[in-house]
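Take a look at the structure below.
Chain IDs A, B, C and D follow the sequence of writing; residue 1 opens each chain.
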Amino acid sequence: MADGQDRPDSLDRLNARLLCFARERDWEQFHSPKNLAMALAGEAGELLEHFQWLTEAQSAALDGDKKRQVSHELADILLYLIRLSERLDVDLIAAAEEKILINERRYPADKVRGDARRADEYPD
Amino acid sequence: MADGQDRPDSLDRLNARLLCFARERDWEQFHSPKNLAMALAGEAGELLEHFQWLTEAQSAALDGDKKRQVSHELADILLYLIRLSERLDVDLIAAAEEKILINERRYPADKVRGDARRADEYPD
Amino acid sequence: MADGQDRPDSLDRLNARLLCFARERDWEQFHSPKNLAMALAGEAGELLEHFQWLTEAQSAALDGDKKRQVSHELADILLYLIRLSERLDVDLIAAAEEKILINERRYPADKVRGDARRADEYPD
Amino acid sequence: MADGQDRPDSLDRLNARLLCFARERDWEQFHSPKNLAMALAGEAGELLEHFQWLTEAQSAALDGDKKRQVSHELADILLYLIRLSERLDVDLIAAAEEKILINERRYPADKVRGDARRADEYPD
């Protein structure tokens, strides 16, 4: 994920810290991709719980305390995402850029403007 | 998320592209935090489906085709994570760094080495 | 889950069919509780995807085709729930009845009327 | 979900209790299908967290305390599943029976014995 700069990219810095964190605790043995995918999905479930009884408008106007809790759920998801990418040897940023290109082709702006159906729901 | 360099951080670049992508399609109206949290969790569910019948060892040895599919699920999760952070005005990298500090305090290496129980399962 | 009647309860009937289905395919080897929990959560993710861009009102007024798709996601979740209970030797109905009693104590009607905060968010 | 017996089916009994529970607390206002789907997926995430660091073998040999915790997660999922079916006017048992028939056609025992790939991964 290096971008050819002197200072490493933020995701690379986090990746290095997480590797160190896992090794110091001898936790790499638990960090199979299967297990990390479960942990990530578990955190996504915790994220949902913050929003499940809120209206959409309320979800966009969290108070400070709630916002901090939610930011920690987002952080947990990012941390597992970075760990999982490391274990699978996936370049997360490159994958994201590739996926944006795919989405741009799949959802042409002219065709889908203001309409959020899934790609497979658009008539050909 | 800028890091004071000439070249913006990779997450900032992705964030700018995603904002543009959503605006061109008039999709910001659908992107409440509540809805984005659901979309993220939906992608986490798709990630699980790739691993659910694999052993842990198999999950660490994906073939090229499967690895590419999984990398796209990871990308989807990252993209929704970035969108959600943008809508909530959360600095994702700062939150991740804060969460690592919390985890370092919560799981002292000496106490938890080789043991992956959850924090609330450790006797005081 | 039997209820002392001649005709077995619906969940018992489904459980027997699912056991047979798995055995005929030699799929019991894949049905560890860990794997079944992943499969269940994957189906819950698919359920979310049907609702993520709908308003709450739209989610309560699905058309026939969408409703049938959603009913199959609900079915998938139930089927994995039954399989998982079987593998763990959990009486699902008894657990549900026990959990309702816990919820009745945790959320006294007088205290929580019209307020859906989580139990741990109520001041003592 | 009635099965033509004097004694109602267990799911019908739970459904009636849950309706009463929600009405006494004036919580039906929060129980849109969208919100209930989120709550269900949140509980599925909690279920995952119990299993994420266990081996498959460990997941099949939970101790009594852990088993009780897991049984409550399964209960929570069932309760939201019942509520969601009620709000969508879906007959959960009929949907499950229909889905089993679909699965029997999609995965013929002769073709898939001992092989758990997803249906879309089987060559025609």
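The definition used in the following text is that a contact is a pair of C-beta atoms (placed from the backbone, for glycine too) under 8 Å apart; a residue touches a chain by one contact, two chains touch by 3 or more.
If you're wondering where the values come from, they're calculated on a predicted model, not measured in any experiment.
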{"item": "Winner on C-beta contact pairs when B-D is weighed against B-C", "value": "B-C"}
{"item": "Chain copies touching (subunit C, subunit D) - same or different residues, decided at half shared", "value": "same"}
{"item": "Interchain centroid distance [CA atoms averaged], subunit C/subunit D, Å", "value": "2"}
{"item": "Centre-of-Cα separation between subunit C and subunit B, whole angstrom", "value": "26"}
{"item": "For subunit D, residues contacting two or more additional chains", "value": "30, 34-35, 37-38, 41, 44-45, 48-49, 51, 53, 55-56, 116"}
{"item": "Subunit B-facing residues of subunit C, complex", "value": "30, 35, 38-39, 41-46, 48-49, 51-53"}
{"item": "Subunit B residues within the subunit D interface of the complex", "value": "34, 37-38, 41, 45, 49, 53, 55-56, 116-118"}
{"item": "Subunit C-facing residues of subunit D, complex", "value": "1, 3, 5, 7, 9-11, 14, 17-18, 21, 24-27, 29-30, 32-35, 37-38, 40-41, 44-45, 47-48, 50-51, 54-57, 59-60, 62, 67, 70-72, 74-79, 81, 84-85, 87-88, 90, 92-93, 95-100, 102-104, 107, 109, 112-114, 116"}
